[in-house]
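Below you'll find a set of structures to go through.
There are two complexes below, and they share subunit A, which is joined by subunit B in the first and by subunit C in the second.
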Partner chain A sequence: MPIDLGFVARIAPTLAQGLATTLALAIPAIVLAALWGVPVVIGLMARARPVSVLTATYVEVVRNTPVLVQMFFIFFGSGVVGYPLSGFTAALLALVLQNGAYIAEIYRGGIRSVTHRQAEAGLALGLTPRRAFRIIVLPQAFRKVIPSLSNQGVLMIKDTSLAATISVAELTFQARLLADRTAAVFEIFFTLALFYLALTAVFAGAMRLLELRARIA
Partner chain B sequence: MNGSLLGGLRITAIVLLATFGLTTLGGGTALAQTATSRLDEIVKRDKLIVATFSTAPPFCYTDETGKLVGFDIDIAHLIAKSLLGDENKVEFVTVTSEGRWPAVNSGRADIGLATTTVYPDRALRVAFTRPYIDSGISILVRQDTKVNSLAELNDAKFTLANLSNPQMADRAKRFLPKVKVLTFDTPSAEFAAVKSGQAQAMQMDTPVLNWYAANNKELKVLPENLGVIQGNAIFMKPGDFTLWLWADTMVQEMTAGSRYAEYSDIYRKWFGHNPPPERFYGQPGK
Partner chain C sequence: MDPLVVSLPLLARGAATTAYLSAAAIVVSTALGVFFALIQLYGGLLFRTLIEAYLYVVRGVPLLVLLFAMYYALPYAGVQIDSVTGGILVISAYFGAFMTEVFRGAVLSVSTGQWDAGRAIGLTTPRILADVVLKQALRVAGPPFINTCIMVVKGTSLVSIIGLADLTYVGKAIVERTLAPFEIFGAVAFLYLVLCFLLSQLGKRLETRLSYVN
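Our next item is the complex of A and B:
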């Protein structure tokens, strides 16, 4: 099936509107999920048993249910209990809750990958455990988690498309409207794929730069 | 050099003329023989493949037991019976709202029967038969809104649930400009929004809303419709005249011809009254 380029040019402005909403959802979602991962990983690695068990339960629950189901649950559920959240808020919340859990696991993996002997060496040199963690473990863990974080961010950008099902007018939503009106499904979803590809390429490129900068020369 | 070039040209000319002459001579028959219709394929396969929805009651949806049921599903069975002599010689491919077009255009399904309204811009990409059912657009509201008319509903404090097609957005702007709008990709998600209180009203085909209201006492359909005449039709990949003509004839036979009795039975089963338009010869006896 040939692609009609004139048609693609005509639909591009509508998709660009959707792109603005996708960015407005994806950027805060990625930043907030990366931040939310910090208290979660602290909870996971806490010595107090109830805290770590509780956090691990949370991680397992949100990790093992589809983010689409979580979006539906938050969106329709908030309506049922009488405090209807907007589709945008519900989608943001679901993305942060789920990806925060994933990212916490990434952080944990990064921290664990730094051998405990290094921290012990720090303690032997007279550092407090807290300082040993901050000066020795954390910078190395940070470098190691960047590629995984980049990957998670790309997944999140793609997952924002699920918000279309709860009335958030992002890229996929606009594409579906266009497809329903014109029945030109191939042209529209082809263009849509290009938009996502551009978005994830820019994000992954930026993360790659960060990775290079964080590398020890 | 020159001679061979001329010779080459002459040969090309002869070949071109010969080809042209043959095609012109063979014309009609050659075309009719090579362009096989999908209709022959259906008959040879002995099974009709229909693209439909699974979330749009009462036209095409899955019941509690997971079975596809609805008005469109019964119509598909009637078509299979008329075409292949057995109402069970039909296979359904369930699709999403925008997925119905590639389902027929890619050849995955022979025809589409998915509560689909004819619009001119859609007709650019798929071929429609004449409508097999008239439809309209109405508004379903929650009883607790105490709203009895479009005018009362047109208030910024209310939210309307739409289906993700642009016609819905256009009508909302025209008839309910003050109302906030939410848009969903399936009628059942729209309905969930009204049930959960995310929206107080939803816009949908009149027969669908009548069905929802009949099954949910806390909901009702506003008496006014949104001023549009709509026809739902069978759609297929454009360019296959034989298949299109057969399907269009089938629709004609169902709505006002030899299959009218069966069509009326199906209509009454799902909508509780006789199909319009009423005709001088009345309704067939049961």
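Our next item is the complex of A and C:
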């Protein structure tokens, strides 16, 4: 089926509006999830059993339930308790809670991948355990987790599309409105897919640059 | 009466639909994954490029967009397909890409020495692949395969958006009438947890089984 490029040009501005909302949701979601992963990984690796068990339970629960259900839970739940959240806030919260758990596991894998000897070498040089962790283990772990973080970020960008179901006017929402009003569904979904492909490609490219920058000779 | 108690039979039916969709999608996406992984590893340039393009699109486009594309566009293309079959196919095609990565990585993890050993004892290439390489690869593929299966179960929740009465759809429909989001979505989440837990238990048993094939 031929694609009507004139029509694509006409719907592009509407989709661009949606793109702005998608970005406004995706960027804080990725940053906050990366930050939220830090206390979670500290909890996971905590020596105090109750803390680590509780954190592990949280991680298992969010990782084994759909983010869509979590969005509904937060969105409709917040209304019932009298603090109605906007669809945008509910989507942001759900994305951060779910992906923060995944990212915490990524951090844990990164920290584990740095051998124990590295920290011991630091201790032998007279560093405190805290400093050895901070200036020897952490920088190496950071370098190792960048590719996995990139993957998780791409998944998050794609998952922002779910916010359309709680009436956040992002890309997919706008595309669906267009599809309901016109019959040119091929053009609409083709353009929509291109928008997402471009978005994820730019993000993955930026993360790749970061990875190269972080690499040592 | 408590909204949760009243809606339990409905939720159970939704869970059954989710289990059915998940099982079908896992079977189809696994088959696609194994097939595509083998093509990507051993196929000709043309097929490898096609698979590469497919992986690229799936990696960059949300599952929801693919489901909408199927839902809105197929009728225009003159394809009549019921939304259950369509949903299973789209979900399988989407997670088939993840499965491809899982199996490709697993096959690559088997050292090339195994190939040489197979040749040295006079096995043909297909037999080395089947009896030597794939058997070992399957064992490596276990954990990431189960993770991907869990992603499939969670991914099926998106069919609720195109109107299939799965667990998420039923939960949302009940909440709209009972205004008890915590109880109902809590129960929905719990049922997903149970499904995923059963799946990982099954995976663990399969893994121990496979580790005896030595």
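Here is the rule we go by: the second predicted complex is superposed on the first by the 217 of 217 C-alpha atoms of A that agree within 3 Å, B and C clash if a C-alpha of one lies under 4 Å from a C-alpha of the other, contacts with A are read in each partner's own complex, and residues count from 1 in each chain.
What we mean here is this: a residue touches a chain if its C-beta (ideal position, glycine included) is under 8 Å from a C-beta of that chain, and two chains touch if they have at least 3 such contacts.
The structure displayed is predicted, hence computed values, not measured ones.
Steric overlap between subunit B and subunit C is present once the structures are superposed on subunit A. Look at A:A169: by the touch rule set out above, it reaches subunit B but stays clear of subunit C.
Contacts of A:F186 after superposition on the shared chain: both subunit B and subunit C are touched. Subunit A has more of its residues touched by C than by the other of subunit B and subunit C. Within the superposed three-chain model, A:A201 lies in touch with subunit C and out of touch with subunit B [touch as defined at top].
Contact with subunit B, but none with subunit C, is seen for A:G82 once the two complexes are overlaid on the shared chain. When the two structures are aligned on the shared chain, A:L177 is found in touch with subunit B, with no touch to subunit C. In the superposition on chain A, A:V61 makes contact with subunit C only, while subunit B stays out of contact range. Comparing which residues of subunit A touch subunit B with which touch subunit C, the overlap comprises 1, 76-77, 79-80, 164-165, 176, 179, 183, 185-186. Residues 1, 60-61, 63-70, 72-73, 76-77, 79-80, 154, 158-159, 161-162, 164-165, 172, 175-176, 179, 183, 185-186, 188-189, 192-193, 196-197, 199-201 of subunit A touch subunit C in their complex.
Listing the residues of subunit C that touch subunit A in their complex gives 56-57, 59-65, 68-69, 72-73, 76-77, 150, 154-155, 157-158, 160-161, 168, 171-172, 175, 179-182, 185-186, 188-189, 192-193, 196-197.
Remark: subunit A residues 1, 75-80, 82, 84, 87, 164-167, 169, 173, 176-177, 179-186 touch subunit B in the complex.
Taken together, the subunit B residues at the contact with subunit A in this complex read 97-99, 101-102, 105, 119, 121-122, 124-126, 164-167, 169, 182-185, 189, 192-193, 196-198.
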